[in-house]
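We just call them A, B, C, D and E in the order they show up, numbering each chain from 1.
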Amino acid sequence: MTTGFQAMTNERTARWRIETRTTVSRIFTMFLFLAAALMIFAPFVVSRGVIQDLFFILTMLTLAQSWNLLAGYAGLISVGQQLFVGCGAYALFGLVILTGMDPVLAVLLAGLLAAAVAVPTAFFAFRLYGPYFAIGTWVIAEVGRLLLAQWKTLGGGTGTSMPRDATRDMLGAAALSDWFGMRSSVAADALAYWMALVLASATIIFVYRLLCSKHGLGLAAVRDNETAARALGVDAQRLKTLIYLLTAIITGVVGALIYLQKARISPDAAFSLTDWTAYVIFIVVIGGIGTIEGPILGVLVFFVLQNAFSSFGSWYLLALGALAIVTMLFAPRGVWGLISDRTGWELFPVRRRLKDGSSEYEMGGPHG
Amino acid sequence: MASLVETRGLTAFYGDFQAVFGVDIRLEVGETIAVIGANGAGKSTLMRSLAGVIANSAEMVLHRGEPIGALGAPDVVRRGIALVPEGRRLFPSLTVEENLLIGSYGRQVVAGPWTLESIYALFPILKERRRNPATALSGGQQQMVAIGRALMSNPDVLLCDELNLGLAPVVIKDIYAAFAKIKASGAAIIIVEQDIVQALKVADRIYCMMEGRITLTGRPSELDRADIHAAYFGAGTHELA
Amino acid sequence: MNWLDTLLQGILLGGLYALFAAGLSLVFGIMRLVNLAHGDLIVLAAFLIMLIVSSFGLNPFVAALIAAPLMFGLGWVLQYYLLNRTLGKDVLPPLLVTFGLSIVIQNGLLEAFTADSRRVSAGSLETASVQIGSVNAGLMPLLTFASAVLVILALNQLIYRTALGRAFRATSDDVVTASLMGIRPNSIFAVATGLAMMIVTVAALYLGMRANFDPTAGPARLIYAFEAVIIGGLGSLWGTLAGGVILGLAQTIGAAVNPEWQILAGHVAFLLVLLFRPRGLFPRAVD
Amino acid sequence: APAIAQNAAIKLGYVSPQTGPLAAFGEADKFVIDSFLATTKKLGLTYEVVVKDSQSNPNRAAEVAKELIVDDQVNLMLVSSTPETTNPVSTTCEGEQMPCISTVAPWQPWFIGQQGNPGDPSSWKPFDYAYHFFWGLEDIIAVFTGMWGQIDTNKKVGGLFPNDGDGNAWGDKVVGFPPVLEKLGYGLTDTGRYQNLTDDFSAQINAFKQAGTDILTGVMIPPDLTTFWNQAKQQGLKPKIASIGKALLFPQTVEALGDAGHNLSTEVWWTPSHPFTSSLTGETAVTVANAFTKSTGRPWTQPIGFAHALFEIAVDVMKRAGGVGDGDAVAKAIGETKLDTLVGPIAWGNEKLPPFAQKNVAKTPLVGGQWRLKSGGGYDLVVVENGLAPNVPLGGKLEVLA
Amino acid sequence: MPILELKSVSKSFGALIVAEGVSFSVEPGEALGVIGPNGAGKSTLFNLINGNLKVAGGSIQFDGRDVTHTPPMQRCLAGMGRTFQIPQPFERLTAYENLLVAGAFGTRQAEAHVVDLCADILVETGLIAKANVAAGSLSLLERKRLELARALATQPKLLLLDEIAGGLTEGECRQLVATIKRVHQRGVAIIWIEHVLHALTAVAERLLVLNFGRVIGIGAADAIMASSDVREIYLGMEV
């Protein structure tokens, strides 16, 4: 039996087009590629201090992008992402110390180990919804922290340090010293920085491609109305699980990278709710949840605040808390929400605009 | 003398969506009026505006001549305007008796003919079931609770939105019989009704709504079927039987 | 290993957790509000009691009596002016705002009281105990447990036997329809949070007399409170007590096996309950 | 590395917990640094101290250490107070080839805790840039057993060691309490590493009651001590001696116990009666302590002496170092230190330490003390055991708990 | 073989019986109208057919397969499209994207393959001018059309329509009827719940009357409309 409109479509091929990009976004994409390309050379040009600041920004950005994917797009409000940071970081230390693996490789492998942890975690967490899910993920992260605190070989609750030689001899470090005469600590910084740069860029590209894909469309539908989405054949549960596992991988790799650079780990630090989830949530919310631009702006705001005011100790944290409250109440779509409302810009457009090749019909714009 | 309730150019919005456009209605003391109209015509929206669930500008709704359009539902209730909402909306965690008792929450100081006893006298079945959770009742019984709950505030204006939804005809008859008693106690009633026949039977005056506007109004005796039909379904429709 | 003692201590510990959780349960049950600042509010109340004790030299129980209305006021204001704006079907705003609040309270306390760990002294009561059969039970833990039962009993009376309680439940079911009864949801919610803060004061009293506290002690309390509420099932106060007891028992039994597993055992019990009863042991019929 | 011009200020980085749960350790920092800067100014030395707060957070400690090295480009790093602070900072310095002097953490958690695999002594390696001075577990064990020997007990000991830097080291089967106690004829009941901030200690109390322990020991954080001590009393555990590390260092914690703090004993690493003088100012311990009380209105605490000594060593090292901007030269100078400080003589390369630790660890004297309720309220810390440092005057003998 | 067949399907919400021994079948390409008083269980019937609600008893066959316990998603993929009585658009997506979701997921095809299909449906349903407008800012009428369009984009063999003509002006109503007729003529089977009878009878060949969850009549439209039961309980006319 022929159904619906199949017959009609065949006659009219190539009449309709979909457009996603806009002029603004094209210019911005070019600018972004240029910036990323320039940033590759940063370790040769700017001071180590700047490199480390950039490393901080890039890693927090990656964490923020992945939490945003989880909460902003898949609607999974997790307050337990520190689990994956911690597991990734401990995977790195375990692989390096116990198997003597090269740290660069171990960082990549750490992502997979984090995902391996995410599978049983998902089994528990996905039995819960809404606020239950949030609390559940927190408790699971606590369980992770307590379990790793029992791993005596890696120092238990005391924690442990990365053997010096491991970072000194890591893949590419020797080459950097030979070619550019970098000290080993400088070379390690540079390597970590490049990995962070690649990771952050890859994450943003990945998230953007995902949103532009059919899965992204399905995700948006689920976020708007899960019942209707399910009724139309969107497998919401599978999509959410997929996103959960993917963010676990990304978060695990970032965790490993951060601790490669810190060289010292302890369960309390690696599974810190404040450092790896609370700050990340602030970044996303202040920047604008549910957008790719938001975390980018948010991390810059956070970095500036941290640099300018962190010497004020608890007053700084107090102000940060207050800022989050104010943002949520008065600008729930964050800084980027305010900007895009004024300017109509979309730097990472995912909207599929229908264009008519024969211009027979006039189609309203997104704001028309 | 001012009408009991009066609207002047009432408009109502859901976000950007306008559901009611410049509606003027009037309700006099001791009167029953019926609002009829198709699905989505804006009848419930009108009721919700009167009850203060949807906020308007103050002058759009007058109660005994005083502007009340900007008051919230709790304050409107306290003035004596009670709504039997569309779809009953009983409180599932409360028992039947508790659902009734909570009706008087905002008007505990007001004395009047309606007490637990008189409600039970009106709907004896409720007394038997008073310890049950409200959701364990049949649709019709639930509707009785919803009406009883509104009466518990001893209102002088009773707004009833689609009373007969899910009700057996015999129950409907009981309820409309009770309306006589309610009117006798001095209250005025607005009913929203999709059943034209029923509306014509009980109402002193009829307002017919379509697409958020009043398209027809008058006393039942003055209106002819065709007019109502036109107002209800749009002009030139397939003739109903 | 003395099992009788382990069980008794576990149950008594559960009383403390139930006290931590009762206020949370009330707020969670009525408003669907996940208050991440609950633990910090307990600590705040403990500081308040300590302040009253030290400035007027009062008995801690009397100090708590003075602190309770103050905390009620704080809760009322917090809910009316801040938290009410975050309620809705989206779970993120309340989570975030209370998370921010938690950080504000912690650091505010840090500025005001430094990071020193403090104590509310109850004199000889702290170490007093009674012999029950072959085991010793501390008077303080017994008192804590009794208070937990009392608080939950009183809350149940309030919620199921008074007009205010009816209004709480009705508003919890359906905000719009509640407003049609003349209930002002914003005020009702504010009163509920105020009440929760009075319970928080009781929890703080026992926290302060049992152990040290410092401005950062809140989150650790919060997680137990949450676990107790969720184990018990949303909206069930007796369930919350049961949840607290289960948590306390899991911890002491875990510790009796090996103290390394004490806290872990509590969390594992929580996860197991969720695995088999995702909505807790005594969930409300409608949710 | 470029030599720093002669008149440029020497930059010292300083990391300690000034806020957060460990803040009591950092309480004296401001006072010490202010007087250090005043002294150097008087002496015509140009020093700059960049102070960073770890917020009691190991993550933050590592971060600020990096900032000090990379952004502030300090010449020497100083770090103090608990393995949670000293270890991340020392590790960072080692990686960054930045000379670092650390203190106020027993040396085992510092040294072993920074090794990749603490369980495997063959993998342990000394550091090139990180140096530490404080006492070690062998000292605390000697001091505690010295105290315990003063009264008659059944030699049964209950141990409370948490799963953190200190607890894991104290309870370690190789370097910690268990082997030594066994050798000395004590029977130890160790129930295992509990998690900090535990609400219930009945498992431990039960075990101790069962074993009939007369002595309690351990290294606890203050909130846990309070919880434990109250529960122990409620449940009828009546030890004759309780010697607890860390929690009982500060008078506030003891006062928080009310009268129940009477006769609890602890380690003492510095008091105003320690017979040492500052190499920098010539002040005696008691002068420094009094100055602190005068300027802050707070009672003296043990970290004052060590913070002061840290800066003494820094000045001494920088005087001897070939070039202050040359990390290797500074590290070498640290290793060669021989200085009499406010906390006693400091010299690295001590033969009495195990070979692996000799290079990086210097030891300071340790004595034992007991808190005594004063008649007018408040507590006094009385030195009751000085076997390791006979030059520290005794204030009395150990008394049995009530 | 019927495209849809219900055999004594029953359902209740607690004490409230909303479907009781409901049996009927729909042939491929047929258009069946459903009428009945408010609260009779019509929308519930749709929820049972498409699987949003689980049946308490009885069985449902769709396209030759038993789907009684199949989740809604599978039924959609098998060719069952529906509209909701209260429109449920994806508010932050454009009208066109709403259709893309239905087209791409409802038929398991790549997005690129349904670009034209979805655009053509927008033309067909008169929504093309709003293609790039966020669904959240559509008016109710447009939302109702979007419901229909979205259901069509899943290329259904059976289309369930729940009160889509209510509140339309005469002209709009005629347009809608024409659209549905076209869909019907392409061989799509339709079940349509509607209170606007003239619209319904213009399309439906047979009518089914529901009251208190029970089928009280099914048959040719004229005969049903003339029956005294319907006149009394549904039209409220005195007989």
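In this section, a residue touches a chain if its C-beta (ideal position, glycine included) is under 8 Å from a C-beta of that chain, and two chains touch if they have at least 3 such contacts.
These numbers were taken from a predicted model, which means no experiment stands behind them.
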{"item": "Least hop count linking chain B to chain D through chains in contact", "value": "2"}
{"item": "Chain located farthest away, centre of chain B as origin (C-alpha)", "value": "D"}
{"item": "Of A-E and A-D, whichever chain pair has more C-beta contact pairs", "value": "A-E"}
{"item": "For chain D paired with chain E, centre-to-centre distance based on mean C-alpha positions, whole Å", "value": "77"}
{"item": "Rounded Å distance, chain A centre to chain C centre (Cα mean)", "value": "35"}
{"item": "Approximate Å spacing (C-alpha centroids) for the pair chain A, chain B", "value": "53"}
{"item": "Computed distance of Cα centres, chain C from chain B, in Å", "value": "43"}
{"item": "Two or more partner chains touched - positions in chain A", "value": "146, 150, 314"}
{"item": "Multi-chain contact sites of chain E, meaning residues that touch two or more partners", "value": "none"}
{"item": "Contacts with two or more other chains, residues of chain D listed in rising order", "value": "19, 163, 193, 195"}
{"item": "Pairs of chains in contact (touch as defined earlier), listed by label", "value": "A-C, A-D, A-E, B-C, B-E, C-D"}
{"item": "Contacting residues of chain C [partner chain A, same complex]", "value": "28, 32, 34, 82, 85-86, 91-93, 95-97, 99-104, 106-108, 110-111, 219, 223, 226-227, 230, 260, 263-264, 267-268, 270-271, 274-275, 278"}
{"item": "Residues of chain A defined as touching chain C within the complex", "value": "71, 77, 79, 124, 127-128, 130-132, 134-136, 138-140, 142-143, 146-147, 150, 273, 278, 281, 285, 289, 314-315, 317-318, 320-325, 328-329, 332"}
{"item": "Residue numbers on chain C that touch chain B, as the complex places them", "value": "163, 166-167, 169-170, 172-174, 176-184, 284-286"}
{"item": "Interface residues, chain C side, partner chain D - complex", "value": "1-2, 5-6, 9-10, 13, 16, 110, 114-119, 121, 123, 126-129, 136-141, 210-214, 216-217, 220, 224, 248, 251-252, 255-256, 258-260, 262-264"}
{"item": "Residue ranges of chain D touching chain A (in the complex, touch as defined)", "value": "18-19, 53, 55, 57-59, 62-63, 66-67, 70-71, 83-84, 87-88, 91-92, 94-97, 109, 113-119, 123, 125, 162-165, 167-169, 193, 195-196"}
